[in-house]
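What follows is a set of structures for review.
Both complexes shown next keep subunit A, but they swap its partner, so subunit B is in the first and subunit C is in the second.
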Partner chain A sequence: MRLLWLLVLAMLLAAGCVTPASGAGNGSGNAPAAGVLFLPVDLWLDSGAVPLAAYQVELTYDANSVKIVGLEGGTATAYSDAPYYDRAGFEGGRIIVAAFTTEEEGAPRGKVRVARLHLAVAGGVAPDLTAKLMSAARPGGTRIEVDVQLKPSGQGE
Partner chain B sequence: MEDEAPAEPGFWSRLIPACGILCEPFGLFDCLTLQMAALGGAEKSMNERDKDEPTAVSLTEESALRRALHGASAPSDPRILGTTHRAVLAMIDAKVAQIRARRRARTLWWTACSGAAAAVLLVAVGTVRLRRGGAQDRVAVQITGAPRGPAEQVDILAAYRLACRLRDAARVTGADDHNGDGRVDRADVDALARQAVSLAAVHAGRGS
Partner chain C sequence: MNRNTVAGLVALLLCCGAMLFSASCSSLRRDTGLAVRDRPDPVSIIPSSEPGVEELGRRPAALEPVREDGIPEDGRLIRGHNATQPMIPEDRVRLRASWSWPAKRSAGRLAILGSLPPGPEYKKEPWEQIGMDEDVWIIAKAEGPTERDPKRPTQGELRAKREDKEIPLPLKHTAVSARISAFIASVDVVQQYENPYETKIEAVYVFPLPASAAVTDFVMTIGERRIRGLVRERKEAEELYAEAKRQGYRAALLTQERPNVFTQKVANIEPGKRIDVQISYFCPLPYRDGEYEFVFPMVVGPRFNPPGSKDGVGAAPRGARGASGQSTEVEYLKPGERSGHDISLALEIYAGVELEKIYSRTHRVRIDRSDPSCVRVALDGMDRIPNRDFVLRYKVAGDRLKTAFLTNRSDKGNTFALVLQPPAKLSDTARMPREMVFVLDCSGSMRGAPIAMAKRAVKRCLRNLDADDTFQIIRFSQRASAWGARPVPATRENVAKALRYVDELRGSGGTMMIDGIKAALEFPHEQGRLRVVSFMTDGLIGNEAQILAAVEQRLGASRIFSFGIGNSVNRYLLEQMASFGKGAAAFVGLDESAAEKVDLFYDRLARPALTDIEIDWGGMKVSELYPRVIPDVFVGRPVLITGRFEGSGSTTVTVKGRAGGEPASYGLAVDLDEDQAEHAGITSLWARWKIKELSNAEIRTPDTELKDEILRTSIEYNLLCRYSAFLAVDSLERTQGDHGVSVNVPVPVPDGVRYDTTVGGEVGSRKSEVGSGK
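Entry: the complex of A and B
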């Protein structure tokens, strides 16, 4: 019986190892599979000299060709966790991401990557993706204006 | 003729304890004291007379005379105690009836006061509870009511400000209980943030 369980476990492990290996063999992060391009895109905010305590950004994309398959945090310590988002926005052509930090000392200044989106783009063409700032604030809650940029991973740093 | 009526049996055994317990506050003990003094008066005066004026009467005669006097003034003598007993008993009965009436009135008074106080307390507690329950209901209705329109769309700054108030231990109200769990904590901040990024709320605001 124990041998049977070990056999099943080995088969499961083997199956788990094969799947990433097949994707990794296709290139450097971009993984086209059946005409689909997997593209990570970074969301950058530049608040200048003002610390960034909170942000809310609206992203729009072509729902026919683009799907969001993952969303993670950024490089700034205050925004390293995944932001708030609505999972319905992964396929509907529109998504809102937002995050904040209550640690005034930890609020980043200048240009920071606050989130990374993992896109699945059909047809292998460059996705039409736009970002619009909805609100941002400095510590204390005062609204500020920040510059918003979307860049493919590895191009903004 | 009434004075010659025999004393009721057990009169003194009833009278003395009753007077000791009940009649002391009303001065009835003075009456008993006087009576006992009268009973002993003859003996005392006889003794004093013996000291002051010694006579030739023999001891035997003196003893006989003393016994006779004692017998004449004993409590069981119907000629002395008949009307007195009845008068004292009537006074005792009257006083006992007064005491009982006062006790009954006092018991009724305290019972009524206690009942009134308990009723007031119950009404006060019920009123406070109703008001608190009403406030909670209002908060719950506000939260779970109609979808927010465009003007009510919250953004991440609302969550940020609530988080800062919680961090600073600032005062929060029932309106900050956004998830309706009866307390204001990090879960309410998360609820606000999720509401800020919710697409369903925006769509509802757009009427789609």
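Entry: the complex of A and C
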């Protein structure tokens, strides 16, 4: 699943998701630098009626303009802790995010936010981020197909 | 004793202490005959929530006269914290205090009891935990019920106030939890930051971890939200952190300044808000003289940096940021000052076999053996001041290591760790004639209890020398000097002279260890003797790389055996000196018996090692072995070897070498398909060891390719190194207002180290001259 981040950026800015901090302080010092924009993006999985016990998602992006600066858990209790990651290669631009639950009853069904990615986007360039399912399983380990989506945080909750 | 008891009592102490302070002093002079040389700074105590106070036993007989001053029979001696006053001579044991309370909400009083001349053979028992430079708090017996002042804070341990100004700090608590399986410890450290100010802050904390720690995980927690940080190139991480901080995002950055010194920065902590940071690491447990040892360092000691140095680890008084002029700086609390930062520690040991012995000489611990599969150890509730290393030792049933070979199979390849033990017959090998060179650190940080212990250790060694040994003594502080022009035979007369010389040594000035190394290694070696250069030091210097390079250049036929003395020594330096010097390291805390340690250590090193080691790996196809050159193995000092492997099934690893000039070999059966071939920590330890080897090569020959390789390994294995950093940013929301000011977390000087001779004394002053910081 690929997001056209040019549109997303415009949408985020328009929607006020990335608003300059208000209140006290020196305003100029608090304004986002032209170079770097920090953005949260949510990873959603939809396993339909099947409980989701484990997932592994590969994220690819342009390492020159996009940096992942944090990985956070999702809304489902089973995936509320920060997911683990494995950087596939030194050069960057590809990372595998994964999590699992050992509690069958806790495995969520349907569409759930399983993780939140914190991004630093450099140079005002529209980031191009792609998520691809590597594997997912139901309790017991049987592989399942799930739908993968990336959305700006705050959308789809 | 519950926390209300303590809180209530100490609140009253605060009220009563000042009033009774001077009266008590004068009466003590009259009644006890003990000299109170100077009146210390007024220090009062604020309430504590700790569940109990460590009781060391009945008051010593030497204090009996004090009883006439109104101290009750049933008073108990309570351990307090070190609050060394610089104006009192170091050879006095000073007692400050009042008495114990039998019931909660009881009143007491605060008094300076006096000082005791310890004398050269002074015995500490029954209050053996009390060092010569330590203060002792004796809490007062009740004088009547009272109400606790509700305005007083109730959390934290005993904290000092000076002039009614508390020291608000952003670091409230450190929680350590560790799990030990075989010889690997998996440790989580949670630092709890909380902003006690009215404006936003960035908290900056310089802290220690074991030098062998493979830091593999980093999580920032804000409320219920946990954000895992990623490791990346350090410069890039620092820039991103600075930008996130500038824009008002909460962020945390972890960097490595030395293999055992780290800096944690947490940006945009709002007033009254809390951010936790969890650091996770794997660490091999050294197996020394039949015992495993788990060490958790708690404070970075004040380090000396040679003139002109800018990239050292500097020491500065609290609030004097930049005074050291070093790239990394630790601020220290002044004597009598205390922060609210405390520490808890819980340990689970899954040894797989019965533990014959388990103990800590550095801290009071609670040991729970109720679970047959696991021994649980926890730091006692009243021993939570982070001012000295926590050291736990345990011995498993039997004489030999139970687990010596572990493997891990993962998508990053197969890795193993092997503990190489010397053959038992080594211990029967005859001693060789030795040329012993004792090198004593007589710098300011050693002043007081450390130098006293070092002197006892050297004197013990001198008395135990064989008639065919020779010896030399070298002292160093601001400069180095030798006792004699050359090593002399260990005759009774020479030893007696040397003992008198050692008696006169005092600690003061800087730590020009490089001069000590030159003096120790740059004179001709007498053939036919094993030259043993023994450094006795706390290692509190900031130019480790320079020191190690000097050892490498000058070692020759010498072997270096480093002997760390103190409660928070620079273990990285001492172990590396021993490693570069083809020797071994030992450590003795100020609460331990130097005699026992010294005897064991020198007995071990007196015997020849298993040298020229080669390993036939049998059915294992091994690669990328670390250490690349297998060091000599001494009795009681196994060596850890790690590497990649291919293969399966069982095979025999054969170790070949020479012992006492004779060929020696032995076999070790290993199972490459062992049941628990998923020791995740093994791969991290292997990568950590690789980084260590590359870093050592870099010390010998700086090379950008080495730097690249170190960084590559760090990123690939998600492992912190000096060229990388862990960064976590919460991009979900920006905090209000400016990012505020940076607040360094000041720490106490280590237990046994004097503030006046380090941070605030000669070293500190000189550091200020060197630095330009402000």
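The criterion applied here is as follows: the second predicted complex is superposed on the first by the 119 of 157 C-alpha atoms of A that agree within 3 Å, B and C clash if a C-alpha of one lies under 4 Å from a C-alpha of the other, contacts with A are read in each partner's own complex, and residues count from 1 in each chain.
Here, a contact is a pair of C-beta atoms (placed from the backbone, for glycine too) under 8 Å apart; a residue touches a chain by one contact, two chains touch by 3 or more.
The model shown is predicted, which means the values in this text are computed figures rather than measured ones.
In the superposed model, A:Y85 makes contact with both subunit B and subunit C. Touch criterion met: A:R116 reaches subunit C, while subunit B stays clear of it. When the shared chain is aligned, subunit B comes close enough to touch A:S135, but subunit C does not. Subunit A is touched at more residues by one of its partners, and among subunit B and subunit C that partner is C. By the touch criterion defined above, A:P40 reaches subunit C but does not reach subunit B.
Of the two partner chains placed by superposition, A:A49 touches none, neither subunit B nor subunit C. Legend: residue contacts after superposition of the two complexes on their common chain; A:V69 is shown touching subunit C, with no touch to subunit B.
Once both structures are placed on chain A, subunit A residues 83-86, 89 are touched by subunit B and, in the other complex, by subunit C. For subunit C in complex with subunit A, the residues that touch the partner chain are 219-220, 224-230, 232, 236, 240, 243-244, 246-249, 251, 712, 715-716, 718, 727-732, 734-739.
Residues of subunit A that touch subunit C in their complex: 19-26, 29-33, 35-36, 38-40, 67-73, 80-87, 89-90, 116, 118-120, 153. Residue ranges of subunit A in contact with subunit B, taken from their complex: 53-56, 83-86, 88-89, 92, 94-100, 102, 134-135, 137, 140-141, 143.
The residues of subunit B lying in touch with subunit A in their complex are 155-157, 159-161, 163-164, 167, 190, 193-194, 196-200, 202.
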